[in-house]
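Letters A, B, C and D mark the chains as written, and numbering starts fresh at 1 in each.
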Amino acid sequence: MNTPTLGNACFASANSHTVGDDIRIPERIETGAGAGIEFELAGPRSKLFFDAKKTRAGIVTCGGLCPGLNNVIRSLFLELHYGYGVTEVLGFRGGYGGLDPVRGAEPVRLTPQLVDDIHQKGGTILGTSRGPVDTARAVDNLIARGVNILFTIGGDGTQRGANELYQEARRRGHALSVVGVPKTIDNDVGFVSRTFGFSSAVEDAVRVLARAHTEARSVAGGIGLVKLMGRNAGFITAGATVASQDVNFALIPEVPFALDAFLASLKQRMLGKSHAVIVVAEGAGQDLLAADVGKRDASGNTRLKDIGPFLRERIESFFHAEGIPVVVRYFDPSYEIRSCPANCSDALLCDLYARNAVHAAMSGRTGLVIGFLHERFIHVPIEVLAGHTKRLDPTGGWWRSVLSATGQPERFT
Amino acid sequence: MNTPTLGNACFASANSHTVGDDIRIPERIETGAGAGIEFELAGPRSKLFFDAKKTRAGIVTCGGLCPGLNNVIRSLFLELHYGYGVTEVLGFRGGYGGLDPVRGAEPVRLTPQLVDDIHQKGGTILGTSRGPVDTARAVDNLIARGVNILFTIGGDGTQRGANELYQEARRRGHALSVVGVPKTIDNDVGFVSRTFGFSSAVEDAVRVLARAHTEARSVAGGIGLVKLMGRNAGFITAGATVASQDVNFALIPEVPFALDAFLASLKQRMLGKSHAVIVVAEGAGQDLLAADVGKRDASGNTRLKDIGPFLRERIESFFHAEGIPVVVRYFDPSYEIRSCPANCSDALLCDLYARNAVHAAMSGRTGLVIGFLHERFIHVPIEVLAGHTKRLDPTGGWWRSVLSATGQPERFT
Amino acid sequence: MNTPTLGNACFASANSHTVGDDIRIPERIETGAGAGIEFELAGPRSKLFFDAKKTRAGIVTCGGLCPGLNNVIRSLFLELHYGYGVTEVLGFRGGYGGLDPVRGAEPVRLTPQLVDDIHQKGGTILGTSRGPVDTARAVDNLIARGVNILFTIGGDGTQRGANELYQEARRRGHALSVVGVPKTIDNDVGFVSRTFGFSSAVEDAVRVLARAHTEARSVAGGIGLVKLMGRNAGFITAGATVASQDVNFALIPEVPFALDAFLASLKQRMLGKSHAVIVVAEGAGQDLLAADVGKRDASGNTRLKDIGPFLRERIESFFHAEGIPVVVRYFDPSYEIRSCPANCSDALLCDLYARNAVHAAMSGRTGLVIGFLHERFIHVPIEVLAGHTKRLDPTGGWWRSVLSATGQPERFT
Amino acid sequence: MNTPTLGNACFASANSHTVGDDIRIPERIETGAGAGIEFELAGPRSKLFFDAKKTRAGIVTCGGLCPGLNNVIRSLFLELHYGYGVTEVLGFRGGYGGLDPVRGAEPVRLTPQLVDDIHQKGGTILGTSRGPVDTARAVDNLIARGVNILFTIGGDGTQRGANELYQEARRRGHALSVVGVPKTIDNDVGFVSRTFGFSSAVEDAVRVLARAHTEARSVAGGIGLVKLMGRNAGFITAGATVASQDVNFALIPEVPFALDAFLASLKQRMLGKSHAVIVVAEGAGQDLLAADVGKRDASGNTRLKDIGPFLRERIESFFHAEGIPVVVRYFDPSYEIRSCPANCSDALLCDLYARNAVHAAMSGRTGLVIGFLHERFIHVPIEVLAGHTKRLDPTGGWWRSVLSATGQPERFT
């Protein structure tokens, strides 16, 4: 898989250790399996495309909050500033709207003082928003400001938009390197075994599960119902379930469930133990809700129906009909979780994503995101990203651990 | 104020340091002010009413969860068991229902092993529930089981019920000491300057405020709206506001506000800073909601209308009408907060409440709760408790600190 | 007890609620006891001595670190700046040395931006040091800079120096209000029931005790020995012991112990349970160490011999002689603990100490520290402070809780 | 690389999803590189060697504490008990000594109740010790007790001893599966990209670094010196440095340093900024200490000289000679850190290590440890382990991040 580039890199790097351009990391590593797609290894290159002193970089954060955004901003800046000597790094404000001179606020010029301790805080100092970029106006603006490198921290939609920016700039004859850092708290991006923020989110979710467990155990018929993030993938739900060991039922998008079977199993649990903890990913059981076709949010994602209140209502009416008194406590901690600061595991990851993104851009690569596969950071062309989403494997070890931790049946059918 | 007693204490205590029966703590201590009600100082007495070896004690926890319940249970047991040599301590399960042999589960006999590390966990190992006690059946049960001492951990309603238990037992000629430990996360009990669990609740609320602040600052027009506990009193809201310093508007039951004035002030803030954090006690602004007369919950408390969603809706429609785009993130963390473990400050307090409750009971006192006034633990007859609730003083230092921390006007009028 | 003042206060305060000058808080409140010393109630006054617009204030932090220093600095500044409209507040750097133009760095002018989030961090942004103030040079400097109010955050020695500053200024005819905020992590100041930082220190100490407990339980013969702060008073040791419930032996300065008796008791424990946790205040058992007369540190405090390694060595040699294998793990976390950020309980306390200090200074009072007695903030003349230290009462409830939590004998004799 | 087995597996597994026996994971995955050693993929097998109902398993924990030990014990038990139906699982106490009937205490029979919440606590409920196993007596004991599967949680020495146990059992004709879970908080085991406990240790180390930073910044000439774990490898030091971003100098075993050059660089820092934070791995700079040949601890590891006090002394005497006043605060938090509970990231990892260990054993594999390479769990024959230690690569991305975070020169030469 070739990574798009802006042309020949011709400046010598001052880095004492660099990575060869010909090293490839295969998609599949099990012996006997075909290698699948092969990716460039990320890292500093011996030859640079940009002359740091004449280069201006920009950073933009898009979409929902995720722990670690400030860490990524900070390490991008530090690697550009100290690592390569880039003198001006602009922070565009408020997501893609900030690239648009009509809508956006004036970008902020980043400095060591400004980013000093931002890694200790959740959120993003640049602000964020949902919604697409106006490609033409954004490229006008980037050209006008003399920006040659743009780092886009965001999800699928953000990276698709990023790819259009680079292509539009090429059409205008402006050398623009666009390098993305994939951001999804749900951990569902292809060729990325762990996205930043995921570990922090699991850690904070486990705290909430412990509280739900306490609530459930403290009253007769107590049911703690917790909805967690996970639009299409159950990684946070599964991770928090295994780490907490307090959960009795985990429901994720990848494993459909029949409501009757689930309720029957829950009834058994309540008759036996008189309390239960249920955790449900926001994208689970969407087939159970009446279809609500066509609604999309500002980022273009399908708007999900809310499984949490739906389940709560069905559980309460089911037990009411059964004549079994229950007390359902419902927890919806998503905003709380996504705005927490990065834990150490994510702080490390953010730093490495960010520095590898800078290395890629300075070498003239463009139209890519930094991936993380088999514990190597790689260059993933954005065009490859589209068809490859990541889902939790219901036949794999992690889901087996969930089944074991909960004691729930393999399927509710 | 005399504390009710069961009769003359005649057994010598083994305690090496005891408290005289004639020491009184005045309600008011400012020089020149009348002393007001005077209370007995709590503590171990030189003479005991009960013979520990022949005494059986019971513990019951009632009402909503509160950090520290398990700490109180544990220290009650340890003081009874090791401090006095009481051989049997029963934990009645599931609140007052557990005293009722018709409805309740069999009580559990507490042991050092059983309570070993319960102080590290939230909730109550005995379970809890709302609702009154059936006095007659409960006293029958206590007599049948030979219980002479009952510790009631709960709020106003619980303690009123406790008083009836002791009086009914007296009518039957059964010496029953009933000693309460006041439990209200809202910190609104008279003659109790700090209830257990309050400090932990403020600490956990501050965590949520930090997240709401992050959410609000990360988008243009971001408003973080957090509802906290506080049915009649704003102590948690005020404490969390001052400790966090992240709040722009704090609304409490003691300080009524005009909605228009509040919204006008919020508009000024949003035009100037483009984000805001609002914290509202659950009992604030009840006059603004349509009256919903007569509804009470199982504990007999007036059911409050939900100020959180009400405010959210009014804020959104106000700014919509003003043509100012806002993004309101609403946080309702009460169940999460009340189920957290006790912090160290509360752990200490729980231990001292519990041990003083045991001292009171062993000396034959009854019909009282342990109070905490001017940093002394005292005996508060339950009959005195009724008319004396505690409210945050809008002319005092704490509210001044809130006004200073938020910058909000003294009144929204 | 009269509080020193600079003269008649004649400016009207803008505060809507103020405190009368004639309200007194007695030292002793138990009925029948004499009132003892009586103190002015702290709080905003209706008449001010200083004209805020023409007033310059200074802040200095002295001595060892303590959680909450930055909170106090921040609330002093905010009350001066927003509450009274004082336009210039100087932060003197590096303790008393910073008042001395010969030794000190140029003070920093505080601004809302500078203090924005300092309350979330441990330490002091102003820096600190031990050692006395050069009164003459400091007063020269304060006069030269036009400073009329000085807030001194520090311990006994600091406040004695503060008193000299105010008296020297008076001799020179310069109206200088010096108001202290007592700072001692050990919680051993008279007329102050709880100093800021103490609660945070106990909380962090409990974390260390849990680790020591884990270490001790994980090996046969495991002994976790933890030295905590407490030069003359055992409050941190006692508080952490009761809150943690993991400790088997607590040793404090107020309760002397015979080494042989202690070791014999420890031997019993080890033979029975094969592990133990011991916590010792730094000032405990000083009589057991060879006298080392006359050494004092830069603050003039007697330099203590180190009880931690002494005990470790004696324990190891004792069990070696007894032929009982033990593994002693020694923990000395004092620097770690004292540099932690303030918890919420301390954050509230710091805010109230600081604002009351500003109220006192603006009204023209001087030569005092803010005390906290019977849950009231009071004015304590520095001259009164000297003879009144606070010690843990070995006959009181807190020590009884320690004895109960540890199961240790009342005395090791 | 063939994994040792006890013979043909002939019992059908009830697992619905199993892993083929022929899948191999290569040591090296970069395209063009030779595959190196190839390992079996771990996971449940379709055929089992042991009949669960007739199988007795044992667990032993050896060496120093590490976060996650209890998680591993718990998941081993749960997978054996619920996953396979093994009826008896023995916990041998106090490390390898517990296998020895002469020295050891009676093993404990694990139950669901016993392991219920042990994953929330640090340490090991089984106890641990250093020192070798007496192979002959241990195998006698295992045969006598009918133990067919032994899980050994420990470091290099433990696993070498484990291998001898299996070989001795084979000589006696006893089918004994010995499967190890590698335990090293230092993260320095070959074929294991992340050992359990490492992430928790980094997280707790970062907390200490923040405190050291606070201490250093609060006094003129403040130097915070922190010694962290890392006998032969600098992973904890490097990880904590990058995650905290508070460190100015990081010293690790893999990067030798000249003391003079280091001190000269430190002097520049102190002259410029007046404070510094230094973190040193315990195994760094061993060449600087006088050789102390031949000393080994009970586990057979070379006893290291203590670099912490050595550096402290050298720094102090250097600056004294230079006439530059400094205040060095030394932190040695290793016991504190290693006894903390597992964070969520480690909790997940522990669960997967443990369950894969059970799958390996039930299929009749033996003489192996569970490895974790390229994000796959694998079978690593113990014999392969010996020659392959893992070190931090001074030319790789992680060390580059350290250099960037600290600003220190690439080499102190």
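Assume a residue touches a chain if its C-beta (ideal position, glycine included) is under 8 Å from a C-beta of that chain, and two chains touch if they have at least 3 such contacts.
These numbers come from a predicted model, not from an experiment.
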* Asked: To get from chain A to chain C along touching chains, fewest steps?
  -> 2
* Asked: Within the chain touch network, how many edges lie on the shortest path between chain B and chain D?
  -> 2
* To do: State the chain with the largest centre-to-centre distance from chain C, centres being mean CA positions.
  => A
* Distance between chain centroids, defined by C-alpha means - chain A, chain D (Å) -> 30
* **Distance between the centres, which are taken as Cα means, of chain B and chain A, whole angstrom** => 41
* Hey, what residues on chain B touch two or more of the other chains? -> none
* Chains that touch, pairwise -> A-B, A-D, B-C, C-D
* **Touch list for chain C against partner chain B, complex** => 15-17, 22-26, 29-32, 35, 38, 41, 43-44, 74, 78-79, 82-83, 119, 193, 199, 202-203, 206, 239-240, 242-245, 343-345, 347-348, 351-352, 355-356, 374-377, 395-398, 400-401, 404-405, 407, 410
* To do: Going by the contact rule at the top, pick out the chain C residues touching chain D in the complex.
  => 65, 94, 121-124, 127-129, 208, 210-212, 214-215, 217-220, 329, 331, 333, 335-336, 339-340
